[in-house]
Each structure stands twice: as structure tokens, then as C-alpha cells.
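Per-chain numbering from 1; labels A, B, C and D assigned in written order.
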Amino acid sequence: MTNPDTLLVFDEAVTRAGVEGWIQHLEAAGTPTEMYRLGGAHVLSVSDPDLIGAAGPGLPAPTHQVRRNSDVWLGRRELRPGGTEVSFGPTTIGNGSVVVIAGPCAVESAEQTLATAAVVAGHGAVGLRGGVFKPRTSPHAFQGMQWEGLDLLAEAREQTGLPVVTEVVDPEHVKRLAAVVDGLQIGARNMQNFALLTAAGQSGLPVVLKRGFGCTMEETLAAAEYLLLEGNDQVVLCERGIRTFEPSARFTLDLTAVALWKQRTHLPVMVDPSHSGGHPDLVEPLSLAAIAAGADALIIDVHVAPEQALCDGKQALRPQQFADLMGRLAPLAAGLGRHMSGA
Amino acid sequence: MTNPDTLLVFDEAVTRAGVEGWIQHLEAAGTPTEMYRLGGAHVLSVSDPDLIGAAGPGLPAPTHQVRRNSDVWLGRRELRPGGTEVSFGPTTIGNGSVVVIAGPCAVESAEQTLATAAVVAGHGAVGLRGGVFKPRTSPHAFQGMQWEGLDLLAEAREQTGLPVVTEVVDPEHVKRLAAVVDGLQIGARNMQNFALLTAAGQSGLPVVLKRGFGCTMEETLAAAEYLLLEGNDQVVLCERGIRTFEPSARFTLDLTAVALWKQRTHLPVMVDPSHSGGHPDLVEPLSLAAIAAGADALIIDVHVAPEQALCDGKQALRPQQFADLMGRLAPLAAGLGRHMSGA
Amino acid sequence: MTNPDTLLVFDEAVTRAGVEGWIQHLEAAGTPTEMYRLGGAHVLSVSDPDLIGAAGPGLPAPTHQVRRNSDVWLGRRELRPGGTEVSFGPTTIGNGSVVVIAGPCAVESAEQTLATAAVVAGHGAVGLRGGVFKPRTSPHAFQGMQWEGLDLLAEAREQTGLPVVTEVVDPEHVKRLAAVVDGLQIGARNMQNFALLTAAGQSGLPVVLKRGFGCTMEETLAAAEYLLLEGNDQVVLCERGIRTFEPSARFTLDLTAVALWKQRTHLPVMVDPSHSGGHPDLVEPLSLAAIAAGADALIIDVHVAPEQALCDGKQALRPQQFADLMGRLAPLAAGLGRHMSGA
Amino acid sequence: MTNPDTLLVFDEAVTRAGVEGWIQHLEAAGTPTEMYRLGGAHVLSVSDPDLIGAAGPGLPAPTHQVRRNSDVWLGRRELRPGGTEVSFGPTTIGNGSVVVIAGPCAVESAEQTLATAAVVAGHGAVGLRGGVFKPRTSPHAFQGMQWEGLDLLAEAREQTGLPVVTEVVDPEHVKRLAAVVDGLQIGARNMQNFALLTAAGQSGLPVVLKRGFGCTMEETLAAAEYLLLEGNDQVVLCERGIRTFEPSARFTLDLTAVALWKQRTHLPVMVDPSHSGGHPDLVEPLSLAAIAAGADALIIDVHVAPEQALCDGKQALRPQQFADLMGRLAPLAAGLGRHMSGA
């Protein structure tokens, strides 16, 4: 693996043959190079910047030359200043609209899943969340419906038309999950499970990468590189709270990280106010704040009967609370010059 | 000092004589009581709740009975569910409007102070900040213009009409500062300097109490009690970032605390996005997020020439950046059903 | 899965048949039960404690009855008050002696590995560490020699007689690694990679479980339950520093956790002063402090030429520094009434 | 105030007149200089290092030239490589011996204070602690016996011969306290109360400076500079736990900071295991670990009847527990090549 000084980014119109010309030019000079893909675009690493100017006129010009200044290469905003749009089924994340994905923390039964899906679809959500494999701190806690729950997610999608995202916890599960759902989620506890990142990157599906609660903003970008290196640029970063000394909420939501990600990476940013605060009363203020800080999307726990939830029910919004939140998000979006996705 | 089970809050119209009747009733039953003031209202502590029902018909009924559940007594929202309005010169903090206070981190010269004051007034700030005593981590750093700077603040107020707030660092300074400025600020490093809190509470001026960067949200409320116990209800809580493991910004802004304060206390809440992020590029997203999370006010560093600042210049907004921020805050406020103070 | 009030622990001499009698007794009463193994001992969960007294005289008496008070069941000290001894090749961890495991952070070459192994063996280490799969924050960093390195570890063991521990990062690697090494290590980033924990638990090898740098002491115990539930009681907890606001060292070593683990669990405790401090000058004081706090073992990075290391070389001890450390540990152990393992 | 590149440290034998020669030399060159005292030694700041070589032969040679690399000037170890010895009554802190200071968290009554003092003296403590002004998070909590308690401390000293240290919370109290006690303590909440630091520095008494629980190791050294700049080099740094995400103990004891302080400053280091852990069962392991990490002294809460304590009783050792701890410290000290102070 090279340790480049510079990355060259080519327009999507530049063919593989044109890029091969560059590779031959660089290798002829005795310097190694690596070729990456960022969506349809080719990216080349260059160890010796002087070779860029020495390229012949027959070689296609790069659209950007980006000098390396951290461990983040393919995810840096300079490579794609307009930002990345992620296609999550019919929903686009990263185009300026406010995207709300909602649903139960865990799929628990047909009734609960389908009823909750209908509620969130009816109030304007443009994606459905639902965990079937639940990574739990204690092995003695409910671990999710597992494969049985996957069919329920598919059924909920059929009834509502909403694309579905679910968490993956084992590299061996990726293919079977990817055959059904529209997006994969890497949970906070697995953000640095590099075997899982690589497998998820190879799925070709969009991936929601949750920040580890003990990991820095830059480490999250480095974890996203594991996905990007597999040729998958459909990555959404998700802030869901970090560990601090403050005991009043489950985690401390770090909206400074959201603002910095919007400046440093081209990847869209999501916020999970439900798992961050751990309390339904915190979901509305944290959701409004997240969108105002620049987040592209929210992912929100909703449950038709939180008091019966098998997992994290305490934090889920009831249907009316979710409706109220959506009613407050729309004018906020307008005040920011944005609009609700799907509206 | 009693350890009450219950606090009785009386309407402001209830006279001291009426409250004295309650005190006699309680003391006749052999239980100690304490009388507090919350603005114009009297508050009594009651150790034995049974005595409340046993009060004679001649005693005035309390408007609220609040059971104790933490160290926060006078600051709890139940005592004043409508919230407290703080009068900072002609500006009101806590009435639903969006208040922006701005100015230099430190008063450095007449030219810098008056020019900056004119800029912030011209773009819609309704209060002026400026430090004359600067508590600095290192004794080898600039400690502020001290008393000499105070006259400059007064002059800036005269030229702009903006009320002025400045930080107090020594109990012995309180009276002399209070004779000039419109509000006192207790800095993060002094949040648990209880001698200073007591002196500031006695000043009668509004006090901006900054949360210590290593202190919890509840400890901040407990510190505010030191001010409230002096009969001063003109207290504004200020979130300015906490210490976490995340190194990408100077501090991590805790907007979860802002949301919780709005639920748990009647005191208005301010956010300092400048000292929290430590970078001008973070001020706008953090300001928007703070207001969306429910903050009543912002306090923002502005400098006409940040590169020449003697203190924390790196984070100050330039005049045009401040103008841009104000231009984005107004439609955001509208999207939240609020308006800009002074507009 | 049951949610028991009480766990019954039986002596290792109690046969499966005796335990089956208890299961029949409990199921006849209509209450579910689960049977676990803790080393050679059987453990039963009991939902209704009244059924314990109602057991017939023919049933073997449990040696301990432990009431549930947290998510930690099998790892609680009450189940095995004398503590667990872990057999790592010929070395025993948890018998009161001071165990030092040392070696390179990463296996980089035959020369480096064998030379370092000889050094640490010569100065009294009783185990060899060496990473072949390196989980790296950045995909652009050296990822280890992988399978090629495994043979070098085996050769180093052959030359020195030291048992070998290496990190496992993928559930699919467990069997192939376990066929060669004497112990597996779960790294801090994978502490809550539950698929990996389960696979490692099934290996039958001793497992060093490193605490996640953003995880609590109790969450580490809950992660250990995933190993224990597979019938593997050969688990060593390893404190390696947590994330805090303090920037002067790489992590903040939490010896309070070490003291609490010694009180709350029967599993032995290891400390990694090298990765915690991130600097060779910190290894000696942190090692001495760890042993004084009650740790059973240390795991220390040593490199014959740290300036050439491909991974974390900055923190490795040079041979002489390691010799000096061992020379200080022996009298410290004596001062604590302990002795050096292998001495 | 100058911003020197270099500090010149002179031997204590160099007179003021000799130093004046240097000042004239530097000022003649048009560069400002500042003169400081570190114990009996003079220290000069030099902005232009070239002037050092240009000094005439008549000027006394400095013993050390130290180049500036942080905000810590007078406290840096290079200025006094052998370390500072602090004289606390007849007890010396910083001479390699293990110093134990013990006593009640708060002075509550004559009986409690005198009995506890007798206990700790009888078991080998060489100093007595006892708070009379207690800075409390909540104004509704016990604030200490205040001036009334001071006489009890004096009486306890008379009966035991132990020097006495107590906390000061208000600059106005310094003189009156200093007239009675042998050492002043600045509490964690006041570590950056710079008015108080300056007043305490001027007292001439030894000062125990507790690290703020949200402050870094380097910030503590910067706070110590406020004391040193007053000409008082009798300063002891005290680690008492920092705020982290770990909820199992009251604070997380940072022994990495202890190790770093021993490397970076000449000031002796104390550890408070009682307030750090917040539980008596943690005092022994944390005390042993602190001494092994290199701490010079311990300060420990002891109470003859912890269950009746008005302040922080939960963490105090009972007399027998204190005796047991002292019995374990002595052989540990021997194992480290040290001895118990007073033994």
C-alpha cells in the first residue's frame, strides 16, 4: 500500500483506459500507485507530486488534486466538494432535503412491526428502521428475532413502500440480509469491527455507519474508509451520542462532530436522537438541533406501545409524539431553506 | 437549615403577613421552616407535609406545592412553570425571543472595543459582552485591562445603547463592577467558587452562570441555587461546552443539557458557541443548533481584527461572519415560531 | 432464556445426574431453568427462590446460592470466591503470583520476533505476546503479517518455551489460530463484537478480553459473560486505558476498575501499561501501580529496535528498559507478599 | 510580562547583587526581563538567548538554562532536578519517604476530631487533615463548622503533635487560617480560582493544590505557577480523581498524571484515594497503587464513626481499616526502596 502525498480525482467521464495511461506514467517513473473508485470516478494515489506536472498531454487531466493531511483519503470533502448523494431505495440522502427514517428499535412481532411502519409512513417518514439482530451488552438480554424478523421487514416495506434498513452484526450475515433490505447499519459497538466493515462495503448496499460512543469524529471517518475502499461510496455517517461524565442522559449528543463532518467529508450525515438521549422527551429538541446543525437525516425509534417493547422501549416515541415532531420539523426545514424529503 | 419534604410557593400578591401566619402555624407544630424569595414570591419549606392540610382557613393558599426530589429547590421549574424572565438592561431574556449578545472576548483597547460594539449593534445584537478581568489558565498570559477596561465598556454602552455584561472573578470586585455594568458573568472555572456566587447573588444584577467544563448539568443547577438563595432570581444558565475525549474542537457542546435545563428549571438558558467550538467555522452551525434545541440566548465572540486579538482571537467572528449568522438566525427563529429580540 | 432471581452453584463433585434431579424438581414446579457450566461445576438458574427450600433430601446441596443483582451472572465473584486460575500453557494466571507477558506489538519479521522473544524470556517473562492480525483505525496502515506471522510465533515458542497469545479479529479465524497459539486476545475495539466473543469462547483456549476504551467496567464483565456462557471459564480481563479528556497520555489507565474487578469477579485481571500510556517512560510506573492495585498480570510491548517498528513502536520498551522493569517488579511483589511467576 | 525563550536559574548562593548585574546587562540590551524566586534561588527570564553568551565575566554563571516549551516555567523539573522538599510542620514531603496525612473529611465536633486525630497519630500518620470550610455542591448541605472548627484543629495538633492542613475557600480567610494551621489546601473546585491561588501563595504556608476534576495535568501545573509566582515554592500537587464516563466509582483516579508530574515538575505529588474512589473498599488498593506510581504522599479520610459523618462519611476508613492500610504500606515502601515518614 502506498503512502501518497497526493490523490488525483478524475471525472466520471474519464475511462479506465485514460486512467491506465496515468498508471503507466507513474510506474514508469518507478513510483508505486494505487487506483481507487469513488462512485463512478477513478482516484489515483501519487507519491511524488512532481510527476503530475510531468504527465504528457495525452493523459486526461484530473478534476481535483488533493494533498494528504490525515488518515482520511477517499472520504475527504475535497474529493467531491458537492457532497455524496446516497440512494436508499427511492429515498435520497444528501441532496439537501431533511430525511426522516423511523421505526421500531427491534422487530418484535408482525403486529408491532406492521402497525409501527404504517404510523411512520403515514406521518411522513421516508425510510423504515427495524433491528432483527440486536447486539446487546448482556448475553442474558433479548437478542432480536433474527432471521424470522427479516420477513416482517420485507412485509412492512411491501405495505408501506418505505425502504428498509437493518443492523448487521456478523460478516457471514451480510449477503443474506443484503438480499432483502435496502440498507445496512453498522452499530456503534461494531464501528471498528473491520472484518464487518469490509463485508458490508462489498455488499453494494448503502451503509449507515454509526459512530462508536468512545470513538472520535476522525476515527469514524477512518472507519468509513474501510467501506469506501471496497468501492462503495454509499455511506452515511451517524452520530448517536458519545460517552462523557454527564449522567443525565444516556449519551451526550455531539453536534460539533456533525458540523465538522459536514465540513470535512462529502458523505451525508445522520443523527440518532433516540439512542443518544435515551428518553422520548429529548427526541424533539435533539432532532431540531441536529437538523439545524446541518444533519441530512434523522433515525428515530417509534413504537406503537413503548411500555411493551422488548428493547429500549423507554426511548421510543409514541405515534402522536412522532406526528408532533414531524409537524415541527417542516417549518424548521423551511427556516433553514430546506424541505422535508417526500413532502 | 431544614431538609424539607415540600416547598410551598405563594403568589406575589400574598403579603409577608400572610406568610408569617404560615410560619407561626408550622413552628407551633414544632417543625422548623425556612422562608425564601423567588422574585416577588415567598417560598416556605415544610418538613412535615401533613401540616399543610392542617392549616387554618385564614392562611393564604399556596399556588404550588412541590415535593423535594433533588438538591435543586428554588430553581426547579415546578416553582414557576411559565419560566423566569431576566431583565438585562432593556433586553429581556426568557420571553421566547432569540437574544444575541456579542462583543469581544476581552476589552483590549478603546478602538477595538468601540468598533466591535458598533458592529454588533448594527447587525442586531441586543447586548454587549466584553471581559476586563480574564481568568487565564496560565499566569503568564494576558489577564485583561482590568479596571481601565471598565470605562471602555461604559463608553461602548453609551454609544450603542446596548446593555453590557462582564465577567467577575473576585468577590471583592462585585460592587465596583455592579456599579457600572448591566450584568455579571461567572466563568466556567468559577462555577463552584461559592464565595463568588454568594457575592454575585447579592449584587442584585442579572448573573450569567457558565457551566463548569467538568461539571454536570445538575451541579450547575445546584450552583444557581447559591445565587437564588440570595434573593436574586435574575439568573441565566450558560452552556459553553464540556470536556470529553473528542479532540477536534476545544470543547464538546452539550445541547442535551440545554434541552434538559429547559425542562427542569425555570431559568433561561444561554449558549456560548464561540468558546465551545474554539473555531469561527463552528459558530454558525452551533448557534443554529442551540436555538433549535431551545436556548433563549447566544453569547458570541466578535472582533474587528481577530488576528490581532490578545485573547482567544482564533474563535472570534469577523464582522461579515457575524452579519451572515444574524441573517440565518432570523428565518430559523421564524421556523420555530419565535422572533429575534430587538427586531 | 430465564430471568432468574438466584443461581445455584454445585461442587465439581456433583454429577450431571444430581443436577438433573434439580432440573426435574424445578420444571415439575412449572418454572423454567437453565443449566450453565463454570469450569467443572454446574450452575442452575432458579426463578422462584422458594423452590430451593422445597427440594427433597435426595438432591445434592449447592455450595453457593447467589441472588441476581446485575447483568453479570457467571462472572460474579460469589460464584467462586477463591478466584479462577487460568492456564496459559505452563503459566498460571490468577494464583497470586505476578505474571509478565511481553513481546512485540506486531510480528514484523523472523529476526525481530525471535530476538524479542529471546530477550523477554531471558529477563523473566512467562508468556509471549505478538500480533499477526492488527486491527488498525486506518485501512491505510500496516495490518499485520497475518497468517505468515503465525508460524513465527510458533517458532518463537519453540525457541523460548514461552506460551503465546495473539489477537483474533474475525470469527472465521478462531479455529486456525487456536490450533497454534496458547491464548487468544480480544482487542479493545472488538470487546462488544459479540459474534467474535462467542467464537472465541468456543475455542476452549484461554481468552484475554481487553476492555473497550469507551466501555465501563461492568460492560466488560457483561462481555465476559459471552465467553463464560460457552462453557469457557479461562478468561482474563485486561485494563488498557480509557478515553478521557486528558491529552497527556494516549489513554487514562483506570486502576480503580482493576480494584473493583478484583472485588466483583472471580476472573483474573491483567493490565497493559504500554498501550495505555503510549510512551515507554510510563511503562514502569504504571506497571508497578497496576500490580500494587491487585492486578494478576502485565502485558508489555518490547521491541529490539522500537524506532523501526511498523506498529506502535513509540511505546515499546527496549531490552534494557524491560530488564530494569523486571528488576523493580520482584521486590515490589515481595513487598506485597507475592512473588514473580516463574521465579 | 515578558515571553521568554529561556529561564536562567542561579544557585542559592548567588546574591541579589549578582542577579542585579544580569538584569542591567539584559536591560542595557533593550530586552525586558523578569526576576522570580524559587525558594532561595533567583530565576531570570531572557527573551533573547544570544544575550546569555554575551554576558561579561563578572556576572555569576547560572546553574541551569531552561528553554521555554509550555506555560509551565517555575514549576518545571529542569529548574530543580533534585525535586522540591516541602516542610509541613515537622514533616517533609518530597524527600523520598512515604507520607500519610489522615483525619476527618470535616471537623464536626470536639469529640470526633480529637478521637480521630488520636487514632491516625497512633497508627503512624504524620499529618492531620480536617475541613472547617466545606465547599459543597449544594447550598442546602452542611457547610462546615467554619471558624469554630479551627480551634478544634489547633487542639488536635496540640494533643498529637501532628501538623494540620485545612481547606481555604475565600481569599479573605487566608490570613486568619494561616495564623493557626501548618498548611493550606486549595480544593478541586477552586483550582482555577486565581484570586484564591494568589492569596494562598502569599501566605507563605505550604499549599496542597488539588487538581480540578475537569482539568488536565498541565493545567494543574499552570495553576501551581500562580502560587510559585508569589515566591512560594512550598507547593504539593494532589491528584484526587477526574471525571470520566465510568460510573462505578465517584471519580477515576489518574495515576498516569502522577507518573507524568514526577517527570515534569519538581513539586512533590500527593494522592487522595478517599475522595477519588468514594468508597472505603477502594482506599487500600488505590493507596498502594499511588505509592507504587511514585506519589510522595497520601491524604486519607478517617472517621471514628463514619455512619454519623455529616460530610462524605461513606468513604472514610474506620480506625481498624486505617491500621490495616498502614500495615500494608510499610512493606510496600520497602519493596520500592523507600520508607515510611516518621517510622
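We adopt the following convention: a contact is a pair of C-beta atoms (placed from the backbone, for glycine too) under 8 Å apart; a residue touches a chain by one contact, two chains touch by 3 or more.
Protein identities per chain, from UniProt: A, B, C, D = 3-deoxy-7-phosphoheptulonate synthase.
From a predicted model like this one, the values you see are computed outputs, not experimental measurements.
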| item | value |
| --- | --- |
| Repeat of the B-D interface, chosen from A-D, B-C or A-C (over half of contact pairs identical by residue number) | A-C |
| Chain whose Cα centroid lies at the greatest distance from that of chain A | D |
| Distance from the mean Cα position of chain C to that of chain B, given in whole angstrom | 49 |
| Inter-centroid spacing, chain C versus chain A (mean Cα positions, whole Å) | 34 |
| Intercentroid distance (Cα basis), chain B paired with chain A, Å | 38 |
| Residues of chain D engaged with two or more neighbouring chains | 214, 242-245, 247 |
| Category of the chain touch graph - line, ring, star, complete, other | complete |
| Residues of chain D defined as touching chain C within the complex | 214, 216-218, 242-249, 252-260, 262-263, 276-277, 281-282, 285-286, 288-294, 328, 331-337 |
| Contacting residues of chain D [partner chain A, same complex] | 214, 243-245, 247 |
| Chain D residues touching chain B - in the complex, by the definition given at the top | 1, 3, 71, 73, 135-141, 169-172, 189-190, 192-196, 212-215, 219, 222-223, 225-226, 229, 242-243 |
